[in-house]
Every structure is written in structure tokens, then in C-alpha cells.
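Below, each structure is written out as C-alpha cells.
Here come two complexes built around subunit A, the first alongside subunit B, the second alongside subunit C.
Right after this comes the complex of A and B.
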């Protein structure tokens, strides 16, 4: 017995250093987990190109240190890439339509622009794009003003042309300047498909400068292959911000050109609502791209999308826009209540109308979100 | 002595006499249960499983139809038609041969026609089974079997010819793909299958004739039953293999000690990494100003970048790039190996719902899936371009300011230049994803998930 004790003593001395280290580790882990409990986890979910990364950028601009000049400059290759990709898509699209359509003559480029078109298409298919100089910008502008390209752009919903394409085309000369530094607006318009997961931590400082809650925001990719990665983020989420681009009702998916984007958003929303880990999670639905919706609804009726086929337009102009918006909102609400199990009924659900590119609007919306979530936390803690 | 024979053949437990179907089942599920390999999608999983199912059916059908198990009462489910006709035919022998034919059909299209099979296997398999089902229905309606589950010679001949017709079909596919130099044991498996199915049909016919000629001689009966069961057991073992549908998994041995390298098809095909690490590649300066496609040629950089991408759940892009790079190392005329790798890449990275599906447009995906030449050198060119652009715009920026880059710099022994230091300290040097520890690579070899503790240990030891 004595022998055992002494052996134990011997081991104890040897291990005391290790024990101290282990205890230190334990203490630190405890501290961190305690600190993490006060951090609220927010997820930005949604289908591809629904505006998640734009909201993410807006939050960075509003509540973190913002973008300094170096970071703004780092977006120049992205913006140039957007320009080249847009003009290439439009050029190739016009060629295809010239072949397939019945009244093909309006999609045929004028002879003097054919060479420019082929050259730009070749540049657009390279891996590394050249820097956008004044000369190339002039050529792009000439091609953009060609009637065939404009006709193709009118049918851009059938191609996968990003909306930022139009914005950059309009600002081509400013972008091609040698000393160009992107503005915040340019950075918000710059389109890059997100892959994997990105996170930031921020705190929305209140008006009276009192420090608010600490939030951790996660941005994900929206295409189908990216969604298998979402599952790693689903534990312990305070709120899910689901972005749905309501102006996409007549467009097809980037990763599957046979599926309508709005139908995909509908199915995805349903799927997210039914996840068991979100029983107590608040849901904030951002009906995004309202600015594009306003313009589109007057030209393209909502009924082109299967989900909205029972829509009846009542009037024109602003009234029509509001009516259409209310219809879409009601559809999403119905979907929410259909997909919510009886034991999840008391989770928070709110719908917000957003335009992710509008900084003031996003700021206002987020303040509302913050207030709602804080109230919810107090409510759950039994203090309200 | 006779009593002894009789006793051993009147075993009550059917499972004792089909050891081979157990072995086949174990062989099929071993990679998934023990090595935790993710379940493959589609036909690569179902066809081996259906083969196990069919083999079990065949054995039980033979046992029941030769009345091996003595059961007291006559139940409805002991009916001869159920066992000898339905379960032995379309769900047993017919199903086994049809699976093999489907696999041969796939091999023919992939290696000879160099394109993906036009008919999905879950449509093709029932189509092939139709003659068996039609035959069974016909027999069921006509009811020629007697109480001892035997049938007259007029009925045996069409039955045997149906069996032999399917074997002939398999032989036909074999001859079409004979000239291809397969790297795994596909041809060997198919030959074995043909050989054994012909011999088992032969044994069956011989047993039948013997029993007819020398009716009621007990030792012939017992011997023929024994030989039939033995043939069936061997037949199943021979028929069961995974090499056509899952060549990498078929390399895995059942002995746990031999831990296999299943991550790379390139390694399995013998493409060594060290082949082409040229002087030029080693001398590339790793600098954030270089374009990404040039930097990724350097092996150490590539693995550091891959680790970073894995940490923010975007690893599939780098892996896809890396595997296409391996494909490009092969000479243009080595079409067999090119096709193996192309098929492996398509199944793992391109097919919708694949384990490591990459983020590419619909058009690029369809171009690859409907290609008419799987060995074409430019098959994945546009997809790789798209993925590289994705990585450059998305991941590269965050990489330069991440801990993975600092570690890489330390390990390669060079000092950071001023520009890179600036990058590190300029804006948000926080990790792209801090708290989620999940590898995107389903074959991750024991990634250490207690990173937080290790970091703390480092902190403490540095204090």
C-alpha cells in the first residue's frame, strides 16, 4: 500500500507542471465560453445573388472601421472583372439570340463593331484580365451602345448578367481612370460569388454611445453546392436573416438554368424553417432588391412565376407597386405559417423591405432588428 | 454415414450455409463502417448492394426449392413458384447477371465511347430484367411445376436458354471492351463472372439430368444438392466486386492494419507527386502580387492554401484544381488513365449533389456532363478557369492576412517583405472563420479539432 502511495506521489510531482497547465487551459476555455455566451450569432442565409454579401458589406461599413483606401483599392480587380464579364456575356448572348430567334436581325451586331466584339469576348474568356484602360473603356462603350447589345440587355433576365453590370457600364469612364479609387457605392455594387463562410464580429453602438450587444455575423454562399456547408453553422443561432431577392421572379438560377429563382427561394425558405435546430431561433426575412422590383413590376407581371400565378394587377404606377409588394409579402407569411410546427409558433418572425445597396435604409433596418432582438432576449430571460 | 449426410443437410439455420453471402455483405459495407468513407451517390452504392441482395436471394431460393430445410407444415410462402421461379430467377440469378451487364455497359460507354452513359443505370437495370419478369409471369400462369419442385424437360430448355442468353450478352459486352487496358481488376472480374455463370448453369443442367436418369437414388440427390450450394456460394463471391463502380474502394483490404490511401485517384493510378516538381516551380517567389494560378503550381503553397480554404469551408475549389492539375500531368494519348481520373473528378466535383461539388455555372457543368470525349485535354478548362477566378476574388485576399500565410512564410524560412507586413496589419486581420471546426474534405485524415486548446497551449508556453 505504501509503495502505491509513494508511486502516486512520484507521479504527482512529475505532473504538477502539466496539471497547472491543464488547469490554466480549463480556466481559459471557461472564460471564453462564458464570453461567447453573450455573443449573439446571426446567420445570413438565402439563395444565390439574393444580397447576403451586400448586407454583410454594409454591416462592415456601418459598424466596423469601414474601408480604408487600401481596402477600397483591393476591389479594383473585382470591378474590372465585372465589367469584362458583363460585356462578354452580352456579346455572346447577342450572338446566340441572333442564331436562335426568329427576328434575328435586331440581335446582329453592326459590322464595324463585330471586331471589337470578338476582341472583348476573347479578353473576357481569359483567366487574368488586363487592367481597364481608357482605350478599352472606349471600345466597351461603343459596343454597349450598339443596338444589338441593347436589345440583348432588354432580355438580360434570360442570361446570367449581374445587375451591377448596368451600373458599371454607366460609370465606365470614371472606372477606367488611372487614379481610380472605388467609392463605397462601387464597392457595394461589386459582385463576387461567395464561397465558403465568412464571419465578422461587431457591436451596433447606440445613439447615446452606450455599447450594445455583441453580434457575430456569418455570410455564406447561396448556390446549391454551398448549402451543404451551412449545416456546420446551425448550432446556437440567435437569429437567421433570410434574404430573398423579390425582383428575381422572372430569372433562372445560375447553377441550374431550368429552375426559377423565386421558386428556389421559396423551397429554400421552407427547408430552413423546418430545421430542428431553429426551433427557438428568430427569423428575419429581408425582401431585398426592392429598387429593382419597383422598376420590373411595371414591365413584367408577377404571374410569370408559378408561385404568384394567382396574382391580379389592380392599377398602375405606385399603387401597383405597393399592391404587388403586399402580395409577395403575404405569400411569404403564408409560407412561414405553413412550415412552422405548432411547438415553434412563438418564435419571432418579422419581414423587412430592404434595398441592400442603400446605406441609410440598411442602417435603419438594422437598428430595428437590433431592438427587436434585444427585446426578445429580455422577454426570454423573463424580464419583460 | 448416410444419416450423417442427411443430418448436415437438414440444418435448421439457413445462415450457416451461406457464409459467402455474409462475406460479400461484409466486404460491401466495410469501407463505410470502418473507415468512415462517405456513402457514394447513385449507382456506385446501389449496384453492389443489389448484388448482395440478389446473391442472398439466389442461395435461399436454391435451398428452399431443393427442400433443404425441413419445415413441418406447408405454408403458402413455401410455394415452389415463389422460390424457384420468382426469387431464384428475376430476383436472384437474373438480377446478379443484370447488375454485371449494367456495369459492363457503363464501362463500355466510358472507356470505348469516351462519354458518360446515356441511360441512367436505375432505368437500364429494370429494362434488362424485363425478359426475366416476363418469363416468370408466363411460368406462374402455366404452372408446370410438380409438388417436388421439378419440371418436365420441355420447360427446362427455354429456362436454360434464357440463362445462357444473358451470359452471352455479358460475353458480347466483354468483347467490346476487351482491348482496353484497365488499371483495376474490371476485366478479370467480368471474365470470372462469365466463367462461373456458365459452369454453374452447366452444373445445374448436369444435376438435373442425373436426377432424372437415376431417380430416387439418395446419394445422387444429396451430392447434387451439395454441389449446387457450393457452386452458388463460389458464384456469389466471384460475382461480387466493386472494381467497376468504385475502383478506389475495391483497393481496400479487409485487414485493418493496412490503412489505405484512398484520397487520391492519382496515387492509385501511380502518378507520383515528385515527378514534375521542376526547378522553375520551386523557385517561384511567393508574393501576393503574383497571379494565383502561378502560385498554386508550388506544392507547399498549394497545401498551405488548401488548409486555409478548408478552414473556411471552401476547400473543394482547391482540391478540384489540384486534381485537374494531376490530370494535366498525364500524356495526351494515355486515354485510359485520363478517363479514370476524369470520371473520378466528375463524380466527386461536378455532378449535382456530389460530396465536394464546386461552384460553377450551369452551362459549364452541362458542357462537362454531356461531353463526347472524356479523354479530351480541355475537358475541364472552362470550369478550372471559373474556379480559379472564384478563388482569386474570394479567398486569396483573406489568405494573405491569415495565420496560414504567416506559418507558410515561417516554414519556408524567408522573411516577410514590407508589403506583406502591411497587408497583415492593414485591415481586419481577424480570421475569416474562427469558431467552426469542420473539414470540407470528407476524407479528412483525423484533422485535429481541438485547435482552441492547442492555441491556448501555445499561448501559455509563450507567456
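Right after this comes the complex of A and C.
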């Protein structure tokens, strides 16, 4: 007791400004802790390149102030890097196929482009890429138009060429312009492997402006080496948004070229479902990249993926796409129920079909997600 | 039978037409429609009107005391009491010579048509009928208006329009025809899709579940995306929404040859089981079981149903069900028992045998049949385990009852075979002791 009193005396005698500051900090901490309780934590999980960061960017564009010019400009190096990476991958890929394939001649570069090809391949292997100038852009375009490269691109799923590569190739001149400022769409396509954790806080606005819900969205890296960082985020999560790129059924992992991406997504989903900290967490499964799926399904059958080997196509065109999608959806559903312990069956589970690059669709999807989560809160409070 | 109200009781005894009603409605004086043809419609057939206005409160003085139906041809006896002509003639032809209500002997056998009352009855019914027709037209008009609105608006306005439409469809049967005739079903159905919000979806389903759907509408609504939405709402909605979705899916399945794949979603089965298990909302039990029964009748989906633990959950519920639900539940279990994994799930569940034995000869014959079939299959699968358990639960006594009862021969035969199977493990004396009824049924 005596000590306490004397400490009190001590504080009184010391700098009262410091006391005020300390009290202010205490008050802030208390406020934030209270506010924290009303914030719903959403976690974006999924394998590499499943679209998590794109969803993250979309939410930023939809519900925050979007990207200002400085932020947009900050993506220029990334976009240039994507261009260099893409053309290098295609060039090296064509060389490999020219050596190994039986019909190798179609993968051989025309003689006049060989020099450009080697030069660009060298640039692409550097740690720091040069700025994309008009001259280099012209060279890249020439190479891109070479039939060997186009043939290689047709087999892009065997290489690790990101889909955005095509988009940037089509917009090469705009990107290479000296006064280039990336558009929102460019930013959405820009591909950089997320490492660590990124978070934003937002409040969705609907027709009734006072929607009231505050969400905190966390984005993580999806590659295998990033996953050990996930566990730190697992506590107190309202909902896990698991992204699975359904168009990846014929592609291999970046970090392990022998592993099929869909199988990886399957195993990862299973693992996440079984985590004990998610016993009461809602699961929202985003079956992403539907636009690519639509196109691919008519050319590449689902059975190439081991998980879907029992698929039988029934028709063609739109009906076939729907049928294939339903099949994939059902597989995920089965997986969910197999991996869910009986006492967890009451947690919320919903599947959404998404195309992360389409802002309107993401907006619509998120409105549904918001409605579902709000109903869930009411339900858990016993009001429904 | 139409209800009649007895209102004012004047000193003279008997019942009088409610004067207020008579004057207000203009039947008596006030220049109101005393004559039948006062209205703009042509000659209306009294018999038809009486039929269509069945639910109305007909004034008591219009009712024949013999048949308690409105009189179409009222005649008066010498006692002053009025009856329907055909009824009083029948009474008199049976040899009675009294007035049925006053019990007085008739001093005069004349039967006088009561023209005044006849007019009144006709006018009253005409007025009511025309008013009902007008209201019905109003309803049709309102339905059309809302359908037009729905084609144009979105968001909150759409939701409000659907809510109004739902109210009308539920309370006015004439609106249903208006919906069907004006493409209402297709319109409301088109609102269901992968991006439909829960609020809009639940209103749309609440409307559709009240309408009778032709096979084209059913095919349109059976699309995977729409069924997905209904399944989601079944899992997340209020009890009313859950029941509506259940009933609607059931309606869509009726009579259609569809790909059973469409209703084979695991989420649907999980949702239905949850509905059926919900003690706080017992009115979900019957629709849930009915739908599960309809789905389980398709072979291809049975293994999915078993995989989510349906067997255990259903067996658990058997103890406290009413007869209708019991039949459905037993039918589901019977369907599932045709599958090896279903049968082994039944065998593994400890409550199967006791619960089923309890049901024998206790409810309907159908229930006994189904329960017996299942027990038969289970005991045949693993006689060493199940037969003794069944016997301990009192199966033998029940089987004897079945054999001795008036049930159909197949049932008796099955019982005899099962009894034989069970007796294999016991000596004769011990088994006979097990056959005694230890408790009253």
C-alpha cells in the first residue's frame, strides 16, 4: 500500500504531460478493443494464383477510396515486370519445345527474330528489369507475333505463363508509353506473388447507406512456403473465403511442376476445413476464374485432372459448361462434408461462382456474402 | 355447410333477419337492389351462386330448418314456418303430418310458395355474388399491376412488390388464376438465379409454392442454379422459408422425369435433416420427411443420403413421431436399407432394433410392414448380433401378434420367417418364455 501511494506521488511529481499521453493511449486501446469486437474478420485463403489478391483489390476499389494516382503508378514496375516475364517464359518455352517435341519445326523461331529473342530472354532473367520503352515494346511485339511464340502460347498451360500475360501483350503500346498511368483494370491484372499478410478495413454500402457492418479483410500468399504464416491469423475469424481457380484443372504448380493445381487446391481445402480453430467459422468457397473455365472446358476435358476422372460430358456449348461446373461444385461439396466433423455440420457453407476480374460480378457476389453474414450474426444471436 | 348467424331476437320468439344488414345492404327499401335484375349482370343462377358463396355468413332466416342449407324454393306451411320445398315434401311423404319445427299437427295441408322470401334470398345472393366478382376483378387488376412493376424495378422496390404479390396470392384464390394467365410464374421464376438475394428469393418461393405449376414451368424451375438457391435458402432461412423451399422442391419433383442429379445435393440433405431434427419447429417435420422420402425413392442418390449420417438421425427420431410422419420416416429407412452401406448403418446404430420393434403392431399396418421389412433385412445381415437384441426387445411376442392378426399374407409370412431366424439361437423353452408379452402394447 505504501508503495502504491508513493508511486502515485511519484507520478504526480513527474511530467504531467506524459501522464496525459499515457492516459490517452490507454483510452484509445480501450476504445479500439471495444470496436474490434464488432469488426468481422474475413480471411482470404487458397492456393497460389487462385485469385485472392484480385478479390482483395476489387474490395479496395469497391468499398474504399480505390487507388489514387500515386498508387496506380506504383504498379508500373510490376506491369513491366509481368511483360518481361511473360515473353521470356514464352521464348524459353519455345526453345525447349523445339528440342523435345516431335513436330518441333513449328516451335522454331524465325531467323530474324532469334537475336531479339535471346536479348529479351537475357533481360527477363535479370533481377532488375529496365523500364519498358517504345523500342523494347516493338521488339517484344515482333517476337510475340512470331508463329513459334504463338504456337508455344497455345500450350501455355504447361508453362507457368500467367493469364494476365496475354492481356498485357495485347496492350503493349499503351503500357510502354512514357506517360502511362495504369487503369484500374491494368492493376487488377497485375500479377505479383503476395508475400506476408495484407489487410484492409471496410464497410460495404448498400441501398440503405447505414449498413453498419465493418469487415477486416486479410490477404495472404498462397504458395507453399507462405502457408506457415497463415496460422497466426486463424483466431477469431468470422468467415474464411477460400478461393479455388477452377480453370486450373490442367495446370501444374509454380512451386512443384509435378503437382496438379486442382489437386493442390483440394488438399489445401481439406486441410483448412479440419483446423480446430475454424470449428464455428463460416466457409465461403469462391470457385474462381469462371470466365477461363468456360472457354477451357470446351477444349480440354475435365478428366485430365485425377479428382475429376469420373466426369462424363453430356452435351456441348452452354449446357456442357453448366454441367461441368455443377460437377466441380458437387465434388467440392462432397469434399466439404467428408472433411467436416459431425459437430461442425452447423457452420455456414456456401459456394459462389466468381470471376475476380469482373468488378460488377464481384460487387454482386459480395452483396450476397454481406447479406449471408449478417443473417448468420442474427441467427447466432438467436434472433432468427 | 354455410354458417348462419342468429342476431336479434325480438319478443315474438324465433330469429329475425339482422335489420341493420338488411337496410344497409339496401335489400329492404332504401332503393337498393330489391329486384334481381338491379345489377348490371344478366340472369344469375341461384344454385351456382349459392355454391360459389359457400364461405359467406348466410342470414339464418334464409336457411331451411330441415337441411340447414339456403332455400332456393321456400314454401310456407299453415303454421307459418317456411321450408325448402323438396325437403318438406319429403318429410310429409314419410307420413308425418306435423310441422317439423313447431311440432304442431297440421290442420291444413296447403303449401304456399313464399315469394317474398324467395325474392329476398335471390337479391341477397346476387348482391354478394356481384361484390365478390368485383373484388376478384380487383384482385386480378392488382396482380397485373404488380407483375408489370416487377418487370421494371430492382432492389428494394422489387422486394416490396414481391411482398405485396405474396400477400395477395395467399389470401385470394382468384389471384392464382391471374398469375398463371399472365405469365406470372415465368416472371417470378426468372428472378431466381445465382445472384438473387435471400430476401427476394424467399418471397419468390413463398409465392410459387402456392401456385399449381405445369410441366413446362417445372422444367424451367428445375435448373441447377435455381435449385442451388432454394437449397441455400433452405439451409439459412426462417422456418417459414425452409418449409416453403422444401414444399416447392417437392412440387417440382412431382410427376416429372428429371435428372435426379439436380436434387442430389449434399447440402440439401443436410438441410432437410436439420429441419427434421428441429425440436423448436415441429411443423417442419412432415414436409422434410416427405421430400426425403421422394428423393430416397431414386436409387442413385441413396448413398449420398447415407453418407451424411441420415440413418442414425432418423432412427433417433422414431421414438416420438405421429403416425403420418412415422410412415414417411420408415419408408425412407426402408429405401436406404436396399443399399449395403445403408443396411450396415442401420445395423450399427444401436437404437434401430429397439425402436423398430416398439413400432410393430402399434401404429398403422403400413408402418408394421415397413418396420418388419427393415428388421428382417438387418437380422439377416447379422443374425448373431441383431436377432438376440431384437428378441430381448420383445420382437418374438410382436411377431406372434402379427401372425395371428388380420394382416396381409406377405406380412405374416415375413413374420414367420423372422421368428424362425430368431429362434435359432435359443432352446424351445427359453424361446417360448421370450414370446410372452411383458408389457401391454
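Heads up, the rule we're going with is that the second predicted complex is superposed on the first by the 352 of 384 C-alpha atoms of A that agree within 3 Å, B and C clash if a C-alpha of one lies under 4 Å from a C-alpha of the other, contacts with A are read in each partner's own complex, and residues count from 1 in each chain.
In the analysis below, a contact is a pair of C-beta atoms (placed from the backbone, for glycine too) under 8 Å apart; a residue touches a chain by one contact, two chains touch by 3 or more.
Keep in mind it's a predicted model, so treat the numbers as computed, not measured.
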Item checked: Fit or clash between subunit C and subunit B when superposed on subunit A -> fit
Next item on the list: Using the superposition on chain A described above, determine whether A:70 touches subunit B (first), subunit C (second), both, or neither.
Entry: first
Next item on the list: Considering only the touch criterion stated at the top, classify A:337 as touching first (subunit B), second (subunit C), both, or neither.
Entry: second
Check: In the superposed arrangement, does A:196 touch subunit B (first), subunit C (second), both or neither?
Finding: first
Notebook entry, point to check: With the two structures laid over each other on chain A, which partner does A:25 touch: subunit B (first), subunit C (second), both, or neither?
Noted result: first
Next item on the list: Mind working out whether A:326 is in touch with subunit B, subunit C, both or neither, as first, second, both or neither?
Entry: second
Note to self: With both complexes superposed on chain A, which partner does A:185 reach: first (subunit B), second (subunit C), both or neither?
What the structure shows: neither
Item checked: subunit A-centred angle between subunit C and subunit B, computed on Cα centres after superposition, in steps of 10 ° -> 120
Check: On subunit A, which partner's contacts cover more residues, subunit B's or subunit C's?
Finding: B
Next item on the list: Would you give the minimum C-alpha distance from subunit B to subunit C, in Å, for the three-chain superposition?
Entry: 32
Check: Which residues, counting only subunit A, touch subunit C once they are in their complex?
Finding: 207, 322, 326, 330, 333-334, 336-338, 342, 345-346, 348-353, 364-365, 367-368, 371-372, 375-376, 379, 384
Check: Across the complex, what residues on subunit B touch subunit A?
Finding: 291, 293, 309, 312-314, 316-317, 352, 354, 357-363, 365, 385, 388-395, 397-398, 422, 426-428, 430, 432-436, 438, 440, 452-453, 456-457, 459-460
Note to self: Show me the residue ranges of subunit C that touch subunit A in the complex, using the header's touch definition.
What the structure shows: 155-156, 194-195, 197-199, 224-225, 228, 232, 236, 238, 261, 264-267, 270, 274, 307-309
Item checked: Of all residues in subunit A, those that touch subunit B in their complex -> 21, 24-25, 28-29, 32, 36, 64-65, 67-68, 70-71, 74, 77-78, 81, 125, 127-128, 160, 192-201, 216, 221, 223-226, 228-229, 232-233, 253-257
